[in-house]
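Quick one: structure below, then a few questions.
Order as written gives the chain letters A, B, C and D; numbering starts at 1 within each chain.
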């Protein structure tokens, strides 16, 4: 029997359809740096999916890289980026944002989410302070959808945050590392066209959603970041064989594969949630996406770890721990069913 | 008939054996960030090929990224890196090195190569200058093997440069983006174990030598750059699915595929060189690797461009242009033979 | 009558003895960049005052500059600096630390002070987190003495923090922008020799303590930051006429002027505190240095502002405001007495 | 007898009129950070002298700092700055420009000057290169007036360079560290109003022209760099006691003192040049400003060094050396006359 593994959503290779596409095109010769026809086709499909015909679309390699390139190039040098204290850029990117010279202004979160009121209140206080020209000016709001805790912003919440951004001349940037698992979630009311309308920039995650690697950055208004291509190169983020990203995203946005990837993971997550609840495990959040945070007794945790892989999240108290189960495009319902007997 | 394409060595996908390996492993579940067994195996194979059992080996995505990460983390903040004026970091990386805060100290080259004497003379003058504490201190020498002009350093030349580095406490770093095409070249006398002995750091190129992407950074003495892993992450260069690089390099260093990749390209280059000479084309350099620089009459160039792809290099004079033909692991001798009737 | 001004401690020119010294030496010719005999003499006097004969002493221009240069050059690239949320580098330096590429790790404070336990607890959690190599490593603790709220660390508190620094291999850096007002304070038990023993780096503030400008950075162990001179230049912080700083600090450390500067300010502060308490004003902190934070009714505040200058600090509630009175070397007791009739 | 010292133009304190002004204002209380009335008055006087009523004027501390702050904040991140290979930013600023992330694109010079044709030719080649989006885009031209070799640009030369800047959308920035010695030079035809018309940014040097420290940055169009104040702070370059710079520049631009400073130095330089020529010393450049470069026999050099201080510049050949004599506002004709008997 293969291992039951729910440690993360980047543990397998690539969706079989992507493997097929890479195989089919392998020996063809194309120009480099994303100027090939596959990348162009992927861009067109993404523009169409976002209902945003003028958007610029760039393919980068990974999430931290994308966050650093986008935030650094979209901010003015005197600006910082507002993020939740639990945000990926606040905690888990080894200071990649500060490395580019910008402060991450960390604000309090609730269930992993920033609230419009929290941001508004910070900005009000900031601009009332007569010393604010000696301080880091908030120039952008960074959100993750789903958040690091697997929760989702509703359309109303995003719209309220957009209004605060408008009121204080801030850009809105959304990190969609796991966006497939938001788009397909029950109760989600935020679509790709909504994101293209609400955000100044966002990215559609590939690495955690079925690709080998790759994130598609969408700029609804390309004039927002002039010479973005050159700055991607300057940050060491330009792929020589750009088509490898292009082929992957072309496949993801053909026959709605990106949604299918999401749905597969969420069906597995839903079944797992049902089993956990049946067995009276305590979940930390009521969230509808592919990450499930469970409080385990430490002895139980060690016992379980022998038959199933999951992620250690954080200590809960002296005798309990929060762990994470993450499903993905590669999860199988019959495997989750096996957990019934193990959990 | 498919296009005859010699524009560059990163125009096709990946070596068929690599595709096979990715296919075979696709649905297996492994931990992320290069902690998987494939990456570990690739590291072992590379250590063995370099006869350097203690080396640290890290897999990054592309050449500019690798240069920026290595140079930034190996230099002290007050140091710059010496490079040929024709060096990739001097010209074609969009300022990625300066972006990290370090000056590229550009010295004169001959056939794309830095000479030990040029470096020594620069250092002598530098340290004699009583204002040198107001200047950027040379902390590293950057070489490319093969160079940007397809030429090679001999073992004697590298040894002489190493001596200058020792005399002036500089690190020696070698960019092996196309290293396969150096190792397999006729007349080459520099092996991987030589590089591991002579260099403080070097990288074995994958992107241009048969991989989808990927460069293997070798640090013969891992203590040279403490916390390199964290700084790779900080530079946005850490792959979540690290195994994808690991599997590729494991394949390249199994059954000597890296050499085979080089040999295939060089046989094609050799045949092409023979044909060009037969037809009295003028080559710019006498070099033994996979890049051939030819002076073409501009009319002839336009005519040829209809049946074969090559790279525009630079104007030669008002009526002639230097173009580049680059072969690769994907080049076929029968295709090159077709050029006999075209050139 | 001249204005009664307590807005800040950098509102007048320079202590008359410093003016005299600049006048006396004005037309002499000396070499530049701090290699002159006045700077050397100042360094000797500071080493002696710190009982630290091997210390390196460098003169920089201002506080934010000093913090940025010291923190950037003393940290490894993958490290950040721990500071109180109320720390000057956290709030009021326009992101100067992040501009150098380093995260300010903001921890909770009490009366403007970091507590050893807060730091220890953060470090414990950090190193227990198995993902900590994906996070910014704490490499330094930043303290201000006096703090931004005018409070003081005791010798016991500093010693406890030093122990945490030792336990987690962190450097201890103390910002002494207003150090004269700490050294001369009632109840202070931390001397310059104590600082030289406890800190890896600290600076003795000039700008706010009687100089035109200037901060003296003390490195008890000069090997801590190799080539510091060159990096000062690289940060644009090297004075051509270095002697101007040297002459000022030579004067400050002759006949104990630095202590006299502190005493003058503290006598004025003490008198002002007495008057405020007599008149039943509410002070925010019980602190013994030159900054007094008072809660004023907003109407009273506007009324007072017509006859005396003070600094707006922050809103207290809808009808009250916290304001700051700062005395300095230039404050006169007879002026403070005039406040009796005004307050 | 005091030493005859011509090592540099920053060896004495400050012009006596500046000392008087600092003395007169010493105990007055003013707000900080350049918001005081002296700074405002200095700004007005400079705007008037430049015939540029809308200019923004900011006071920084020193030359390297000013260059780094201006170049970093005026360039886009993907741009570099063109400078002569002999430019101060190319050689003698310890990599301060690269530290901010920007490449210095070094072009060939003649007598320390860049020629319009050199710049135009570089730009033409750059934009013709189809790979130029992989390269550092030239965004600014940096000139020094006088140059590092004491030579001057004529109005015609500056106008020609301005035209190239316009043709290629580059900013023109002029480093006036020694501008007083250009403005007062015989044959100079470039005035402050000319500079305000031709340059996007320039600075009027104080440190080498009679101040303790200080450089006045002039932006004829203030909208060129939004939030420049905050970025000055971010670079650690904001003076708390801003008025100290303000008072100095107010004095320099009252009763035409800046010109007088220049004239004093140039009269001394002219006499020294006459004496040197009478005695058949060989000058390296025919230049009209305060720096004189002389070729000395090495034995003669050692002999002279016993009675007069000068600067070592560079070896000329095995038995000769180029040395520099620099006069200043503090030079006295009777001292120069003493050189007649020494040289």
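Here is the rule we go by: contacts are C-beta pairs under 8 Å (C-beta built on N, C-alpha and C of every residue); 3 or more make two chains touch, one makes a residue touch a chain.
Just so it is clear, the structure is predicted and the values come from calculations on it, not from any experiment.
With contact taken as defined at the outset, subunit B and subunit D are each touched by A, C.
Chain centres here are means of the Cα atoms, and by that rule the chain farthest away from subunit D is A. Each chain gets a centre from the mean of its Cα atoms; for subunit A and subunit C, those two points are 42 Å apart. Averaged Cα coordinates give subunit B a centre that lies 50 Å from the centre of subunit C.
For this pair, subunit C with subunit D, the centres built from the Cα atoms lie 33 Å apart. Contact with two or more other chains is made by residues 77-78, 93-95, 99, 101, 133-134, 230-231, 233-234 of subunit C.
The touching residues of subunit C, counted against subunit B in their complex, run 72-73, 76-78, 101, 133-134, 137, 226-227, 229-231, 233-234.
By the touch rule above, subunit A contacts subunit C in their complex via residues 77-78, 80, 91-95, 98-104, 106, 128-131, 133-136, 312, 314-315. Those residues of subunit D lying in contact with subunit C across their complex are 2-3, 5, 7-8, 10-14, 16, 19, 22-23, 25-32, 61-69, 93-96, 99, 207-208, 212-213, 230-231, 233-241, 244, 309, 330.
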